[in-house]
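Before anything else, here is the set of structures, which you'll find just below.
Next come two complexes, and both contain subunit A; in the first it sits with subunit B, in the second with subunit C.
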Partner chain A sequence: MSDEATDSPQAHEGLVPSAAEAREQMLEIYPKKTRRKREKQMLVNDPGSPGEIGANSRTVPGIITQRGCSYAGCKGVVIGPIYDILHITHGPIGCGWYSWLSRRNMTRIRKAGETNFLQYSMSTDMQEEQIVFGGEKKLALAIQEAYDEFHPKAISIYATCPVGLIGDDIHKVCREMKQKLGINIFGFSCEGYKGVSQSAGHHIANNGVFKHMIGLDDTPVEGKYKINILGEYNIGGDAWEIDRILALCGIKIIGTLSGGVSYDDITNCHMADLNVVMCHRSINYMAEMMEKKFGIPWFKVNFIGINGTKKSLRKIAKYFGDKELIDRVEEVIAKEMSEVRPVVEDVKTRTSGKTAALFVGGSRAHHYQDLFEDMGMKVISAGYEFAHRDDYEGRDVLPHIKMDADTRNIEELEVEQDPARFNLRGTADRKAALQSEEFSFSDYEGMMRQMGKDTLVIDDISHHEMEKLIEIYKPDVIGSGIKDKYIIEKMGVPCKQLHSYDYGGPYAGFKGAINFYKEIDRMTSTKVWKYIHAPWHDAAPAAEAAAAPEPVNA
Partner chain B sequence: MSEDTSMLNEPLHATRNACKVCAPLGAAMVFKGVSGCLPFLHGSQGCATYIRRYMISHFREPVDIASSSFSEEDAIFGGSRNFKAGVGNAILQYEPELIGVATTCLSETIGENMIAMIRDSQKDVEITSRTPLVHVSTPAYNGSHSEGFHAAVKAMVTHFAHIDAPAHASPTLNIMPGMVSCADLRHLRELAGLFGMNAVLLPDYSDTLEGASWDAYHRLSPGGTKVAEIRSMGRSLGSVELGHTLTTGESAGAWLEKSFDVPNFPLGLPMGLRFCDRLMGALAAISGRATPQSLLAERGRLLDSYVDAHKYLSGVKAAVTGEPDLVIAMAGFLSEIGIRPVICATGTKPRHFKELLAGEMEGGIEDVSIIPGSDHHRLEAAVREAKPDLIIGTSKAMPLARALGIPLLRSGFPIHDRFGAQRELTLGYRGTQALFDRIVNALLEHRQESNPIGYSYL
Partner chain C sequence: MLDGTTAEIRERQALRINPAKTCQPIGAMYAALGINGCMPHSHGSQGCCAYHRSHLTRHYKEPVAATTSSFTEGASVFGGLANLQQALENIFTIYKPKIVAVHTTCLSEVIGDDIPMIIERARREGKIKPDQLVMHTNTPSFVGSHVTGFSNQCASTIKYFSESSGETKNVVNLFPGWVEPADMREIKRMAKEMGIEFILFPDTSGVLDTGHTGHYEMYPAGGTTLEQIKAMGDSFQTIAMGPLASKAAAEELEKKCNVPSRLLELPIGLSNTDAFVNAMRLAGQVPVPASIEEERSRLIDMMSDMAQYMHDKKVAIFGDPDQVTALTQFLVEMDMKPVIAVTGTPGKAFEAKIKEICAEKCPEVEARAYSDVHFLHQWIKNNPVDLLIGNGFGKFVAKAEGNIPFVRFGFPIMDRVGHRAFSTIGYTGAMRLIEQITNAFFDYRDRNDPDEKIELVL
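Right after this comes the complex of A and B.
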């Protein structure tokens, strides 16, 4: 009994240092230069006027970061999940092997006759010979081999670190092989050293998908309300839950970029009337480019958490403006909520007042705050792994973001209006008519405006800072990834993996929310760490300390 | 069928579903097995992140690996600035006793001079001069995680073992165990103890990669071989080196023998009666003691079970894939219990792989398809042709095993679709017994499940 009382956050709230003090304790170990840099990446939050955060800056070498590389962002995150492209990694074996089904992008074939190649991890497996004499020949042969064996619709090539350094021109090889084989073949220069994190790879991927796939197939799509979901990768089946809800509402999704999606869906997805964006960080480039070229407007949605899901559905309905759709959406929400409500009410009796911290991704650290809010939990600290300032402070800071060398090295595509296909379905006009204070487009308010006052925002958190955070706050749960999961749990705090969902999910939409509430309830109710000490552990000292005897009938 | 098998003989230009991982992963695993050691990869941060990701999903333990986090600029002008800063930061935050520095494709391709860089960093930064940096060259375009592992063991030994190091307090044996499970490491130590010897196991990640819950925070997981022990490896009674591929080059054990006259016993992984007998023979020779009765009893029970299960195993065919040392030992063991290892595939191309296999296999290798440099695609073609009853391989072999309806016994690295890989014992008479039982039961289970009648008495 008494244990539980001291464990509750309310009980020790008075004792915890303020966010500013906690920040200082995290920073004090660093040498001057590192400290100066980390100071800019750790802010005490003021939702009314978010401070300037030093996001998307270089990782300090030797700090143990959870960040990945450009290749991981490009092949691993954005393009890798397109299931009927044959993906070939050009490089030594590691990179291709590590990105082999290691993200949990769920896939099922959408159309008869398609093939799912995701169980294949093809690599040119470069050897010393290619490092010395060049690998273009081996790449061309690998493409030929892949074509002969699988006859895919498209082949995609990903460059790893040595490729750029030895000067292999993968794009030339792709052009030549495309001409020879007559299928779409394209390459991505996503060498791991480019940019400061996987974020650079997202941008490179967006550019390539836009250049080589978007707009290839003008076949009209049936359906009254047609949209694309951008930045949804179907981890744990999230996209399928969103599909289910939108189908109930009568909304057609042409392409989900890029979870559980086919090559054909992507080449045809410019036939949509609206783009909605889930993960702003990884795909806002695509939304912008599609709007410029085809006049398809976009806005940010969030299908994580019931409030986010409801708000997103209502906004989509309002965009199309049909009463039929608006009513249908309300019916769906009412019906789904009748299932969600009893679960969340029950879970809340145990989770209310508990605390969480979130360090993940480029959008999840924000999105998941909604789910914790639903459960009456307080997010005391959060931060992204690879996001930019706009994901923290909102898109209105975009004009003020300083261009640095790492960002400048990533190509910014020059996109022009497509004279024949711009505003074909009057979407640009609809945007002009709707745009107002109450209805925003091309919007993202960022994480900090939603987070509580005097919470701690930490970008690209290091292991040392995590350790301090746990020591100071001992949150009831931390949402993070596999790389820090076990260190967090060694310290007696349950950790929910929000990259891979700990092999669970979905957590999006209504059914997903139910899954998540139950999961967090299970994790924050565990008593396992109470058994760290064997029953006799305290017995000897207690016997000696006669001054403080254990009360017999406590 | 014919098109599936024809590819076996063709040179292939793309690797499909590789049977190997990259060299720095092997090095990182060794570094995790040295007390107070922080692994550090010189290259893009993605390498450290990917390697951590996979080691963690196998061991389900924290694995911290630092990186020099190259930017594009560093890739062009060299990473010495990042290296120095990275090492300095890592030391300040983690206070490691040493740092294990492995290279990556990036730093190897641009030809970084690691020796000079390490010397420089230790000269300039006051704090780094007290922390030894042990370097191993591990480009992924040369070898695999298996070669990276052995290279890192040798780097540790040649860096620290010294003629002036103090003698061990008690009779001590060096064991270079190879890439084995945490349970195997603990058992090897126990075996040395049964012969009255302390063991310096290099590496020993049995605690760092399978630790208890903590009641206090540790910057680096506790456990591992102590640097002082490695220093004194030249003063041990002998070295036992497990892994057939180690016999084809100058291994750490061979180097210790050459430099300090420590007799080296190069053995295969002790799986199966014959290989275990060899290990006990070596331990007896080094310690001057007879094999204890308790081990003889284990041996007796193992042999007895061979007899009992022979009706289930005789004539069974198996495909084996994994690290080369594991494949050779496993194939040798299978051949001893009546199973024909009709396919022996490994992702890398170790020297004399075929000869090493031939030397250990009862019944010769005529009917065996030996595939160095294999991937799972090639393996699948071979499996379709040879139709084995059992596949022994990593989690990555699951899709092909499932597609062909053949039971898969998981072994090697990585295992991320089963629980407890780090606790799986396969070495020694006792480990062989556990492995033997798993094999028999996998076959029985498959036979039972594929039979329409529910026979429960087998």
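Right after this comes the complex of A and C.
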């Protein structure tokens, strides 16, 4: 008797419900109000005309969500990686503790004598007394003590949940201490309850970096092609791989915001002639503000996956328009591809036709689809943790996004052209000359246009939906975060952490792609899941009898 | 590594640098996971819950389910009543726990949400059904530390559910304190070996160290059951281990159900384990079985075998008070010199206790409560040590100081797996500690000594 009939992929496929049915099965269990909310965040995809997704809306209380808070988005994601700023969390001890070395923003100090403050966690460790009588005095003293202890070039303060409520004015304290100590000191009102996710914190961080750091240092930068990479946080060394490739091409990166970056790089990065954006969600504000103020154009790139990397390099070269650069880029691509090609061809023989699902962050759930495509794998479902409609549907929906109360509370900076420094190097003119059908600026087409028809797009996926998804589709691999990882793996599906890379990486660029192919190959062909069944559960009684040992002395 | 840290120690009043404690709710979450079928619920904004779940997951390498009230700015102004009520409805409908254990966060504490009132109202309005159990504990993060949160969750659970039926049973309650699932297993094994009837509370074994079956269980089989928690009120005695983590629960049970308690240090090392075994012997009126005697003798044997490598070695240790005091005791028993002991948790009792433990072996010991790892590091710069013991963050200090031998011990350890699987409690756990400590010394020498000094034999 064989089970082949039911095990064959065709038969299996016949049993798999359509995306619409799967969606219905996920929604079934919810109370009415919760269902109404979740319905809007789960769409059956039509790449031709992406539907309207209810992204960047509140998580329903009681739902197990992947999301974190505004503080995590501000300190944890955007500013935290700047290694030579001394970061102080103003609040009780927890928030500062949990954001201590828990993101893998890799960092090297530039020169001896510097301190990498990412290795430190500093906090005002608020006690009951400050909750009752206010914490401004303690904050001022903490800044003084930090200064005395480390003499940093800048200090940054982050407010946690209770700070706003007890009415501490961190910005006032920062101004006073800045004056007193003569170094740059600034604060972020990124209390955890602001907005609906980390996303609010990204915006708050962008505002602060723009107000307090960008444009402070006008020292000219050597180099013919100067750019900044925005929204690249150097998890697992991604930024270093991008650095390597761009250096081979002869392109100079002034600042990578904010992976492995220094304070000085940031204050000087308005001397670039182009901003390219990796993580649109976390940093598009900065790209827009820098363009308004300095006339530096931006466009979206993606260095995850070989096609994305090639496309991005070519677009940068085309922007500068020099034949020398265009040729150089092709040479680099050809050389790097000679290393990538054999690996991906080999891996593909095992990964082709396998399936993946991705639920993570605000850009990675999109970017990583390229890598899976390279391997001949199919992404059956994907969604972001804290993205907005434009990250799903493309930036063309921006004018149609309704402003809600949670977003309205996040400051929108009024940015004006800098009379002295706007279009200094003719960048705005270059943009005007290039802009056409084939060359888009300020662009992002969003995730849904790239995803297959009738795949399932799920925003802010809940624990329950994840479980159902695995039950229904049993994908060969899921990309997600630490909170889901072991839930997914207990169900026999390997989970790749796409926030921390499971302590691997880099996955960006050419070398990164090789790492990723090998990693997914390993994960989807590992034997470990097969060990779950002990041999004695499978053996038929007859076989057991046949296998019985002969008495040795017989 | 930690290049900004100098040997010059300044007393700080406001700035915490590299803490040796975290906030209350994570302790409450951990303790609640030790109740069978329980969903911990974090009443505040969702960031706290996300942080706590991530942190516990990284430490245990296991799923950690917990829900949140997902406060937004509105809830922070108007209070979290609507959020909590909606959360409870969702939790019971979707995740179907036996009980929801609500704990507060900074935010809901500062707002002043009255949780029992909210639960009561939800019940009155039919939003939660009579058989749907909800409890709460207050865990303000600006008081105490994560250990306080653990302690509060344990005490509140007893307050809510333990009852005395009037009939005292021949059962001993064992409160393990904040230890690893493997340690809880070991405590249960020893108690079984002793032949006493017991209830272990809380019990995260079988919850945060589950096997792989190809299925995910949101509520694994482990954890102290609600029936057991109720029945604890009928036990004739409680043995509470780890004063900071377990004392409040023991007192609560004594107050509520008249169950007398005996407070012990965590059974780490020889004499603390002796005290535990003796307490079980007296409580159960049972002889100590030969198997336990044998375990003890095997420990003594290993102590004597390895004594020469540990004698007078200077040790710096940091972590949670219950762990640090118990382990310091063991270090002294092995003739090591604990020269500095630091905890982030406030409380002068810690300092006094460490001084008392070290009075003979190392009277000059530096003992600091409500301190931090930065202070410890600076102190080490002035007073070099042979061994560092502490949680995973210690590795940065160890590396900064020339890779001094380092043993991971305590919470959290996010870069190794052993702590979840192998106990450091009891006699066998003590042997494992000796193994880890001496290995750290030997590995250091094997890595750093010149060829002619590398030895095959100890």
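Operating definition for what follows: the second predicted complex is superposed on the first by the 522 of 554 C-alpha atoms of A that agree within 3 Å, B and C clash if a C-alpha of one lies under 4 Å from a C-alpha of the other, contacts with A are read in each partner's own complex, and residues count from 1 in each chain.
As a working rule, contacts are C-beta pairs under 8 Å (C-beta built on N, C-alpha and C of every residue); 3 or more make two chains touch, one makes a residue touch a chain.
Owing to the predicted nature of the structure, the values given are computational and were not obtained by experimental measurement.
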After the overlay on subunit A, what do you see for subunit B versus subunit C, clash or fit? clash
Just to be sure I read the superposition right, which of the two partners does A:Ile64 touch: subunit B = first, subunit C = second, or both, or neither? both
One more residue to check, A:Asp148. First (subunit B), second (subunit C), both or neither? second
For A:Phe117, using the defined touch cut-off, is the partner it touches subunit B, subunit C, both, or neither? Pick first, second, both or neither. second
Is A:Tyr486 touching anything from subunit B or subunit C once the two structures are fitted on A? First, second, both or neither. both
Going by the contact rule set out at the top, does A:Ser442 touch subunit B (first), subunit C (second), both, or neither? neither
Regarding the shared-chain residue A:Ile166, is it in contact with subunit B (first), subunit C (second), both, or neither? both
On the A-aligned overlay, A:Ile109 touches which partner chain: subunit B = first, subunit C = second, or both, or neither? second
Just checking: does A:Trp529 make contact with subunit B only, subunit C only, both, or neither of them? Give me first, second, both or neither. both
Subunit A residues contacted in one complex by subunit B, in the other by subunit C: 29-31, 34, 58-72, 88, 91-100, 102, 119-128, 130-131, 138, 141-142, 144-146, 160-162, 164-166, 191-197, 405-406, 409, 463-464, 467, 482-483, 485-487, 489-492, 529, 532
Sort out for me which residues of subunit A touch subunit B in the complex. 29-31, 34, 58-72, 88, 91-100, 102, 119-128, 130-131, 138, 141-142, 144-146, 160-162, 164-166, 191-198, 405-406, 409, 462-464, 467, 470-471, 482-487, 489-492, 529, 532-533
Show me the residue ranges of subunit C that touch subunit A in the complex, using the header's touch definition. 1-4, 10, 12-19, 21-26, 41, 44-48, 50-55, 57-58, 61-76, 83-84, 86-91, 93-95, 105-107, 109-111, 140-143, 145, 210, 212-217, 344, 374, 393, 396
Can you name the residues of subunit B that touch subunit A in the complex? 12-18, 20-22, 24-25, 40, 43-54, 56-57, 60-75, 82-83, 85-93, 104-106, 109-110, 139-142, 144, 211, 213-215, 217-219, 347, 377, 396, 399
In the complex of these two chains, what residues of subunit A are touching subunit C? 29-31, 33-34, 58-72, 88, 91-102, 109, 113-117, 119-128, 130-131, 138-139, 141-142, 144-146, 148-150, 160-162, 164-166, 191-197, 405-406, 409, 463-464, 467, 481-483, 485-487, 489-492, 529, 532
